[in-house]
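Order as written gives the chain letters A, B and C; numbering starts at 1 within each chain.
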Amino acid sequence: MSEEAKLSHTLVVSDLSAKQRMWGPRSTKNRESFFHDAAGPYASPSSLRTTSKTDTRSPSRQSNSGQRKPTTWLSFPLEFSFSTTMVGPTASLSNLSRADGSASFKCPTTGYKILGSVNAPVELPGRRDALKPEEATVEVFIKPGNTTAGVGERYAEGIIRTMLQKLILGRERGFPRRGVVITLAIVGGGAIARGDSYLTLLPSLLHTSLLALLSGAVPMSMTYSAALMAVSKSNVIVSNPTLVEAKAASSLHVLAFSSKGHLLLNESQGRFDFDTWKTVQQRAHALCRGVELPEVDGDIAMEAQGDSGTAEGFVRETVEDHLCRDYAWKINTE
Amino acid sequence: MSKEAPLSIAEREFILEALRQDSRLDGRTPDQFRPLKISFGDEYGHVNLELGNTSIIVRISAEVTKPRDERPFDGLFNINLELSAMGSPAWENGRPNDVESYVTHVLDSVIRHSNALDTESLCILKGVSCWSIRADVHVVAYDGNLTDAACIAVMTGLQHFRRPDAVVRDGQVVVYGVEERVPVALNITHKPLSVTFFAFNESKNIIVDATLKEEQASEGELVIGINNGGEMCFMNKFSGATINAREIVTRTSVALEKVKDLNAQIDRAMQADLALRAKRGMAEESRAENDR
Amino acid sequence: MATSAAAPASSSRPALSLPPSQFARLQPHAYLLAHLSPPSTNNQPSIRANGRAPTQFRVTSANAGSLTHTNGSAVVRIGDTAAVCGVRAELLHTEDIASWSVSQATSSNKSPRSADQTEELGEQDDNETIERERAHIEDLNLLVPNLSLSTGCAPGFIPGSAPSSLAQSLSHQILSLLHSTRLVRADDLRIWYQPPSMGPEELERHNDEEQMDVDTAQNDPVEESPREIKAFWVLYIDIMIISLAGNAFDAAWAAVLAALRDTKLPKAWWDVDNETVVCSDSISDARKLSLRGLPVASSFAVFEADAAAGWRAAVIPEAAEMKAQRLARKGGVSERWLLADPDGYEEGLTQERACVVVDKDTDGKVIILKMEKNGGWTIDTEDLQQLVDLSSQRWEEMKRILDEC
């Protein structure tokens, strides 16, 4: 991509996210004015960062919202309960003092909250056997919130490690013979029992790892985004299913896409055929990256929602928000 | 890194000299704790605690299990602490270290063995089923005084936690979800906390709530576990420089004062949270628990 | 293994001054690459260093019932990888299950016991049955697979070490596949008791229960003496990889499958007088498990010509660009190969893996039960389609092998 094209791309992004802000409750001030508004400090407290990434694009999601667990509080107006069931993930960066990089991520549909930390590059004296002379050793450790770690954690660690090993530029200066240690603690949500599927937790873990790596400034060749999809017994594709929906589904899929559109990871289990998977893959791609949606009715509207409603857009906005806060001193004095 | 970066000689000297002149790096008095911040998660028994830069998350969980054969009337209670690289780069994932076993030992002595949680109240059906309460301590950032912080966090979690109600009907235990019956608080018999003292300059300076740097510069430590009523349940002076016996007696009264103050802070945080929960209403609470 | 296979390749290349075995050790990547992309002058097909075509699996053999003290066992060899699986069945009395006498008052989460109260004899695969199956097999942990990589199965495995994370994650994969394919029927593992006629005392107790337990008692009131589950069979599935030369999962899963097909459970019933479960000694009374389907696993690895592509800080092309490049090169030299059933040598040279588990229903329609892909970005949708096709061919082959054993 040429430099010009890149520039225009980022411009489009910030412009569109500004548009998104107009109807999102996150911040009434749009980013454009924020950058140039000398008087406006970044006042939004982190608790208010619960963006409502309403997933209006995904038709299946809407058609299935009826199947969702009925909310018990009927006294509230309908649209209110609607907006809370559709609330998007929340995340924050660099919230730990001792780790090189850290992030917390909360997925509202599954209820999982993950705290992740990255130490890199770090000496691993106890692991001399595993240290490779040419590149960094990636270590992933998952700490369940209220059980002891078992085989399931080792399995998920393996998946995340294999995926990140390829993305982290472990041959950069200072990294060979050292370790990239990623620790993920499940600090909210239920426990995963022995032999239960780990897939419901995987996207949250992947997103937390990515944000923590970004926060720790670990060099990576690409970023990524992940999505959990379920195919119900009646062959309806549910994006971001709840735990109840996931348990009842006939097949579960976790897909991760790189920021350049490659399929980085696919974990599917259950009973399905290849055509179903292809549809799931397209839906997940749209959910993660917001392009390639079959029904396009007006480019601009599509893209506007696309960037901010997608998992990738979410990661980008989280990092941008964090940068804005970090550089508030600079922005405000300009 | 398998060890905390050691203090430089200059740093050590500075800390010691400052203490000789009765001042600490962060301007606290010797008997002053760092600011304590307690907040709660969505679930009951989820505590986020910050003591200065030391940060701990505690999660309490309950499940129905079979009681031990030799103690059919008792429920189970365990405190689980596993240090990970998140808290400090010096800790390696999946490798237990000395700090871990030491803190676990203090927590067990102060809270579990002093029977702060009445395990007999956890029995549902004699010899058949009982509650197993599990406290998971996640050390998220380590900047000294892990034991006291973990003690406060676990005790807060136990007081905050609500277990589902369970009823026995014809040998069948029925567990009610939180939306059906108001969940039950645990039976806390007393509220012991630990206070760790660090000694410097041949025990002439003794301080509470040391930061990591102060811990590294210290010569000896003394741990006192005591409850609001002034009853001691744990005391440890196992290593380091000698401390005058009379000093220990005076420190015990300092500890009592600290524990009363800390317990009052816990109570305030609990009341604030309960008020908030009441305001948000029952429905909101049940929503948070639904995913269990 | 590489030496013999390399002989023909080296003969066509007299300039090579090192013996092939040393070349294979010194420059493993270049060695495999040289095999896979022969010079266009001689019309040799692309071949792997072990002599196989890229999509060819190793010779597989299976032998069931080789261990005498198990309820079922099998040895599966895929090339030099060998897995032994033994299934041991043990009784689990319901009174020993902590959660057995516990029921959740919420309708969504029934107790394991209440699941049996509505049990029907007919085995239909409706949602209700599936839920009940899940309640028993998954919640009570009736299937306990454990995989161990035995000492010396590969040079890295030394005695006395804790289970490696590879062994643990393979154990999890097998357990999770057993659960998600619902291979074992819960009904095969239940030991029922049918009270002949209910005593007045018992009847009263039963009625009490029914009145009180409004939430859980769903059984038909006209039913006179309901059967109840007294015990379960727990299947301890121990897998031992005695020789590891790549692709442990396929071998382990095939061994589990063959062992479960071989497993016979003795006839067991509840003895009222002794209040215990009694098993029959006679072999004729024992019955086999009736498994659901025949899921077969096939693993693949991707070998990339430019091994450095991943770690060089170079800009990685967009997915669409990459595909266009690949299409443009079609017919020419490809830059990456899909290798079926990678051996240990190849596993060391590849990062990207894929694993497909397929089954075929009675009409021959392919059902995918698990599809994984990780560790890289070259496999796209078309490749996965191709892998599924290869896996369904492999299914036929494995079915033949397993039927014969």
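Just so we're on the same page, a residue touches a chain if its C-beta (ideal position, glycine included) is under 8 Å from a C-beta of that chain, and two chains touch if they have at least 3 such contacts.
Because the structure is predicted, anything quoted here is derived from the model rather than measured.
Asks: Quick check: more C-beta contact pairs at A-C or at B-C?
Replies: A-C
Asks: For chain C, which other chain has the most distant CA centre?
Replies: That would be chain B.
Asks: Taking every chain's C-alpha mean, which one sits closest to the mean of all protein C-alpha atoms?
Replies: Minimum centroid-to-centroid distance belongs to A.
Asks: If you average the CA atoms of chain A and of chain B, how far apart do the two points sit, in angstrom?
Replies: 32
Asks: Between chain A and chain C, tell me the centre distance in angstrom, where each centre is the average of that chain's C-alpha atoms.
Replies: It comes to 30 Å between the two C-alpha centres.
Asks: Let me have the rounded angstrom distance from the C-alpha centre of chain B over to the C-alpha centre of chain C, please.
Replies: Taking the average C-alpha coordinate of chain B and of chain C, the gap between them is 43 Å.
Asks: Going through chain B residue by residue, note those that touch at least 2 other chains and give them in order.
Replies: 179
Asks: Help me check something: in the complex, which residues belonging to chain B touch chain C?
Replies: Within the complex, chain B contacts chain C at residues 64-66, 125, 128-129, 166, 169-177, 179-181.
Asks: Could you pull out which chain C residues touch chain A in their complex?
Replies: 108, 127, 138-139, 141, 143, 165-166, 168-169, 171-173, 175-180, 310-313, 316-320, 322, 351-353, 365-381, 384-385, 388
Asks: Which of the residues in chain B come into contact with chain A in the complex?
Replies: These residues of chain B touch chain A: 1-2, 41-43, 46, 53, 55, 57, 59-61, 80, 82, 84-89, 92-95, 134, 136, 138, 140-143, 179, 281, 283-284, 286-287, 290-292.
Asks: Show me the residue ranges of chain A that touch chain C in the complex, using the header's touch definition.
Replies: Within the complex, chain A contacts chain C at residues 135, 150-152, 154-155, 157-159, 162-163, 165-166, 169-172, 193-198, 219, 221-222, 233, 244, 248, 258, 260-274, 277-278, 281.
Asks: Name, in rising order, each residue of chain C that touches chain B in their complex.
Replies: My answer: residues 96, 98-99, 101-106, 109, 111, 113, 205, 208-209, 212-213, 215-216.
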